[in-house]
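Below, chain A partners chain B and then partners chain C, in two separate complexes.
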Partner chain A sequence: MSDDPRHAPRARHGRAPDVFRPGGWVSMKEYADHETVDFVIVGTGAGGATLACKLAEYGFSVVALDAGPYFRPLEDFASDESEQTKLYWTDDRIVDGDNPLQLGSNNSGKAVGGSTVHFAMVSLRFRPEWFKARTKLGYGADWPIDWREMWAYYTEVEQALKISGPVNYPWGPPRPRYPYRAHPLNAAARALARGCEALGIGWTETPLATLSAPRGLAHPCVYRGFCVTGCSTNAKQSALVTWIPRALSAGAEIRDLAMVGRIETDANGLAAGVHYHRQSKWHFQKARNVVVAGYAIETPRLLLNSANDKFPDGLANSSGLVGKNLMAQANQAVWGEMDEEVRSYKGPPSLAITEHWNYEDEGKDFFGGYAYMSQGPLPQLWANTQATAHGLWGARLVEEMKRYNHVVGLKIVGEMLPQEHNRVTLADELDQYGLRIPRVTYSWCDNDKRLIDHSIAFMSRALGAIGTKNIWVQEDDTCHLNGTARMGDRPDSSVVNADCRSWDIPNLWICDGSVFPTVGGANPSLTIQAIACRTADRIRTLSRLGEIRLN
Partner chain B sequence: MLDWKAERGAGEPYPGYDVLAKWRSPSWNDKTREVVAARLKAADEPRFFTREEFETLIAVADRILPQPAPRPPIPVAALLDQKLQDGVMDGYRAASLPRDGEAWRRGLRALDAEARARHDHGFAKIVESDRDDLLRCCEAGELKSPAWDGMPSQTFFKHRLLRDLVLAYYCHPISWSEIGWGGPASPRGYVRLDFNDRDPWEAAEAKPGHEADALRVNRNVR
Partner chain C sequence: MERALGAPKVAGSKGERARAVQSASRSRWGETETVMAARRLNRAAGTLAASVLVDSAVEHYRGSFKNKAMFTPLVVAGLTLAMSLHGTADMRPVAHRARDTSYLLAAATGLLGTGFHIYNVTKKVGGLSWQNVFYGAPLGAPMAILLSGLLGFCSERVRANGRQRPRRVFNLPAGETVATVTALGLLGTTGEAGLLHFRGAFHNPFMAVPVTLPPIGAGLLAGAVLNGGGRTRRLARRWMRLLTAMGFIGVGFHAYGVSRNMGGWRNWSQNILDGPPLPAPPSFAGLALAGLASLELMREARDA
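So, the complex of A and B:
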């Protein structure tokens, strides 16, 4: 039988891969399809894995399904950009709008552990005011959650992932010290620091979800720089090596290569379980509660694909908002060349950061904020950037690539505003499972463009101030996806409430990046995980009050 | 055996550096050796494209990524053929583009038709400057032959042609050596991270007047 985890599931027969030991296994509880479990969770990324772990630890029966394979990083991950595209969600998707999104390697993952298997590990807290963006800052929408509550959950996640970070974080209200020390800076990060100092703004070592000291069987980061193509040493604290092993030992079942195609509802309009495709067959898992955690494209797609006679517009969609308010984050960069050798391929790509423009509102002609970070693109990514963003080909491209080791760059993660016409809908074409594929429509608004212009002007100055030559701007890039099933206070203006529970179907929950009402200018995964921890606590509380379906 | 490397001295930033010399070093784990070995065996015969399409593709790739004479060329067209044959896709496409493989077939046929219309010969048979002109027109969206069948030439150029060829070229160890990248790095990563810092297993850059030093150092990079 093939040992390729993309062809045959690994989590079966009462065991799952031990990601820490080559060839090793850990035991896993298994449920039959006809056994009704307390929670079936669709997706095992930042949201799904965290929730699966916490709910299992609270004693609920949990089955978490993922469409992707169950990788063993120590054995399956090559130091190779092409090979590692196997981590990405590359099923067919159509992009349109004025600014079509680039997805694929740039976006969602398809693996046990979700996109955290290839994410860049930047682990930031939101600025407190963002949770009340409408009331306090005058744009977007308010979250139904208070920042002080989030502050405690952030601490929980930072501890769970042993985040490495600076002793004092320069922005926002005090936070506890990071569990592990900050990583050393590489030259690319030092360039960011020099630029900030030249322009008189703060910078710091980036809080990162990669180990700066050993943890159990995982070694510290060896600065190999392949983070966004998968960490083969387990230094990266992805969901695959943190929440998932914890979930298994607490009795959760993980089902890999299990693609959920439809959520079934019963005669009472409650969720009854999920239809999923595994090993060439469709199965049906019965459950008392269904949680969707497939990320901001697959989550609305599944809800829309689950439309039935009772819910003709898709599940949880009485507000009409499922799929709407998709928010990417702006990801513009400024690049140039230094006389010194930079060799930014060494180390995690973003070792230094400034959140100055997330916290400073003076002098802005736009709503929202942005952070910017140092960069470390590997050759294929860099060549593609030079070709498609800089427009080089032919001898100019080949010659320019020879300057690779002198390249320095700054890149933002910038807030984009929620807009209803940025959305996920269903196209008529079908994928390999026979399911309608998503169409993702995206256009920047004027505010998005003003934020981008501000960031480009500022970063160009920062690079110029440190003697960088041949500076050029990468204008068209976005990262991270959120929105499409926003949380809120009211059923007519949101899809779920603060507990990630859908307004329409009380035993249907959504727990991933989809629930964000706004995105802020910070990478989202820490917030997704904090919300999942909060959701688990709320579910435990509600179940004690008898307000959750458990029979 | 690899004589061309010694000649690579002049003008190259990393003379004598060969990423593959680290094959047995701790920088390469088994999985990496397995996938790169498979890549180095890329077949010359097309499996996805027809012979004709493949010749057009080679002629396009030559202009997008011209290769210096003294060293063996990177088989860009063959690498792309293999990727499409294996069904490896980007996973997203503009609404005006068909799926990756179909876009390529149509695009190559259209470029060939454009060449015939202008020069009476297929794309592979016209001179380099004419090929470059056609590619520039493609990039600018000026090609409108019916063979495009509704696919905008500039969208094809930017999102398929350029992207896929560049990824194919820079997935090959020869290109890694050319730009002085450290290459695969697991389990051994890096220790020296600061400006102008170089681990002994990284490429040394030729500084003006000191090319011979770089050549000597690079021959010993393991």
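So, the complex of A and C:
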């Protein structure tokens, strides 16, 4: 196929790309802009795609729009880090604060399938206590959802994505067996394991959303390790190859290269539809319900950009919390060199994990927890890391890269606390669509720093215990954005309720990582998808009770 | 299969050999069944050896023959296969020294290989864990060459019975002994298939077949040993034929499995290594053939 999905939309004329067959198409239901659909969903990532699929399967009419292209992984993805930057959301944004976030590759995607197209596939459940972090653990905020309910939805998502995981998971309450078996460990993962055994803590194979056996037309993983630049075999169970095909066959419409600029409200203060930009024109899609699922920066940005006379501070913002409590996750690493070859880039990057410090509270001088995982940086990323962290360039960088095959590293996903001054606001600058761009302000608090220090000290010991040489610390990295439209029990202290329904506008929903009141020390996507499944079930129940606008 | 492939060598002195050759051509009917039974066992041992030969060639190639000892199963399985072909063709009612030696060598290799594989698995971080039994050296695989050796050795003992009835191996009734070895072999091989199909999450429902049919076969063989009625034996015989077919059809399923990897058969050089092992399922056929031989031996011993 010669067409470039970044320039012309592919999902049109009653068909969408068949991601499993080169050049193939599947039929797609289409709605006209003036047809009022039950749900219009903004964003087709972990939250949006899951919800689109489930709602369509429950018989609602659904249109899901995404600003990004509709890729065909078998054809469009190259084993080339530079080429694959096309997956990232790199539109203009302003970052500030004491610890400005580095946006783009490590935290946001722009594609049908959202960030899951290039995510690292780590699929963890939250520790049950985190859902009541304030009452049980004394920090952050409580979620309005019970962990037992979440446990069932986690199972649903694990089945839907055929997660490959260990036969027995060592932490937390029992969970059903993962649908697929764990992948073989690479040398980097075995290094993590040996470090854990040396320090006397548990470790296991990481539950991953990539296939260890065939599934339909999707091939099993080939262990080449290009995961965070997009998987060209369809082994990775991204939203693009799981929820989206299901959504299409259930009758949902996907609109690619469709950037939503504003949500319209009617005279009654209800959402009426969305204005979106596609093929050089602005359009308006009418809808009975609007769901925002644009991820933790674009979601508040859209709500704020949709301010009107009735809602001068932006939609769903009577609490003033839209955009606030942005939480990244700490992503510090400790690196070193082994005498033997490691070739850490072989296979998915994080094949082994320890959640010890997520579940153990003794001996911590901070709130929250962290997991740490083995790492497999691709060469260009590694050269960049060396250039930025050590200022290496030219001959010295070349010399350092000769050691690349011996590099071993451990990296955390660490909990950062919600703080109101970490937030997304609107800058005055405009982007290519003429929309105000987001300003993202971020500063670590003392607790964040203590957690980071603890993890660095511990991981350094773990690497030291297995004979790693030249250990050094990469201090400034973050990943995964959440918060900015938190869910809660009360309209004055949250933006949405447990059903992801906004308190202010009953037919406006938010269903993505923005709704997290806390982030825990686990990668968020499984939780985002579990919440989307729950939201779909709640919408079905509420619609049966006549509590949802459907006419 | 029944045709002699030239004049095979027979153990013993020149005179003995001459007598053996004579007796093979002269007094056929007395010993024919004995030789037939033995040749059936040679054939079973050979089928197993062929499966081991190709399987270990592929798997150890995949492991880059990192350790020189990884050539051993290829050499030994190759030799066992050759000897089994030789035995299958050999019409004489006398054990053969070279065959005997090579079958014993095969059995010893199986035991040693199992030791090696256990060492490989337990020295990995995590020790005897699911991860290591899935992806380390397969614990059950060397058992196949052990079984091939055992069956082959039994075959030679059966042959050595000549006209003597009932036939015995190691001073035990031949049919029952071979049936027991076979039943245990079937259970062990089921364990191996079960482990690897569990690793593949039984993603295809047909993956349950080789873990359900063979244990039933093992049960039927045990039944035939224990109660010995003609009905049980007949059912067992049919089941062994079913398992033989399953063993060969399994190759087809595994070929389909290979095609489901990235690039399919066009990318055969990679996918034959990464996909399900093509030569593995016929080891069930080898055992089922041994089962058939044992049932025949039991029939002759009991109904005679």
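In this section, the second predicted complex is superposed on the first by the 547 of 551 C-alpha atoms of A that agree within 3 Å, B and C clash if a C-alpha of one lies under 4 Å from a C-alpha of the other, contacts with A are read in each partner's own complex, and residues count from 1 in each chain.
Everything below uses one rule, namely that a residue touches a chain if its C-beta (ideal position, glycine included) is under 8 Å from a C-beta of that chain, and two chains touch if they have at least 3 such contacts.
All values derive from a computational prediction rather than experimental measurement.
Participant: Both complexes share chain A, so when I overlay them there, do chain B and chain C fit or clash?
Facilitator: Taken together on chain A, chain C would fit alongside chain B, as the superposition shows.
Participant: Who does A:233 touch here: chain B (first), chain C (second), both, or neither?
Facilitator: Touch partners of A:233: chain B and chain C.
Participant: Once chain A of both complexes is superposed, is A:399 in touch with chain B (first), chain C (second), both, or neither?
Facilitator: It touches nothing on chain B or chain C.
Participant: If we overlay the two complexes on their shared chain A, which of chain B and chain C does A:80 touch? Say first, second, both or neither.
Facilitator: Touch partner of A:80: chain B, not chain C.
Participant: Between chain B (first) and chain C (second), which does A:185 come into contact with in this model arrangement: first, second, both, or neither?
Facilitator: both
Participant: Chain B or chain C: which reaches more residues on chain A?
Facilitator: Residues of chain A touched, chain B against chain C: more for B.
Participant: After the superposition on A, what does A:379 contact: first (chain B), second (chain C), both or neither?
Facilitator: Only chain B; A:379 stays clear of chain C.
Participant: For A:3, select first, second, both or neither according to whether it touches chain B, chain C, the two together, or no partner.
Facilitator: Neither partner.
Participant: One more residue to check, A:341. First (chain B), second (chain C), both or neither?
Facilitator: In the superposition, A:341 contacts chain B only.
Participant: Who does A:193 touch here: chain B (first), chain C (second), both, or neither?
Facilitator: The answer is second: A:193 touches chain C but not chain B.
Participant: Which partner does A:361 contact after superposing on A: first (chain B), second (chain C), both, neither?
Facilitator: Touch partners of A:361: none, neither chain B nor chain C.
Participant: Tell me, in angstrom, the smallest C-alpha to C-alpha distance between chain B and chain C in the overlaid model?
Facilitator: Result, nearest C-alpha distance in the overlay: 6 Å.
Participant: Taking the contacts chain A makes with chain B in one complex and with chain C in the other, which residues are shared?
Facilitator: 184-185, 190, 222, 233
Participant: Can you name the residues of chain A that touch chain C in the complex?
Facilitator: It is residues 162, 166-167, 179-182, 184-185, 190, 193-194, 197, 205, 212-215, 219-220, 222, 233, 235 of chain A that touch chain C.
Participant: Can you list the chain A residues touching chain B in their complex?
Facilitator: Checking each residue of chain A against chain B gives 75-83, 85, 88-96, 100-105, 184-187, 190, 221-226, 232-233, 338, 340-343, 345-347, 378-380, 382-384, 386-388, 393-395, 397-398, 401-402, 404-405, 439-440.
Participant: Taking the touch rule as given, give the residues of chain C at its contact with chain A in the complex, in rising order.
Facilitator: 124-126, 130-131, 134-135, 198-201, 203-204, 257, 260-262, 274
Participant: For a test of understanding, state which residues of chain B touch chain A in their complex under the given definition.
Facilitator: Touch residues, chain B against chain A: 12-13, 27-32, 34-36, 39, 63-67, 83, 88-95, 99, 132, 135, 158-159, 162-163, 166-167, 169-171, 175-176, 178-198, 202-203, 205.
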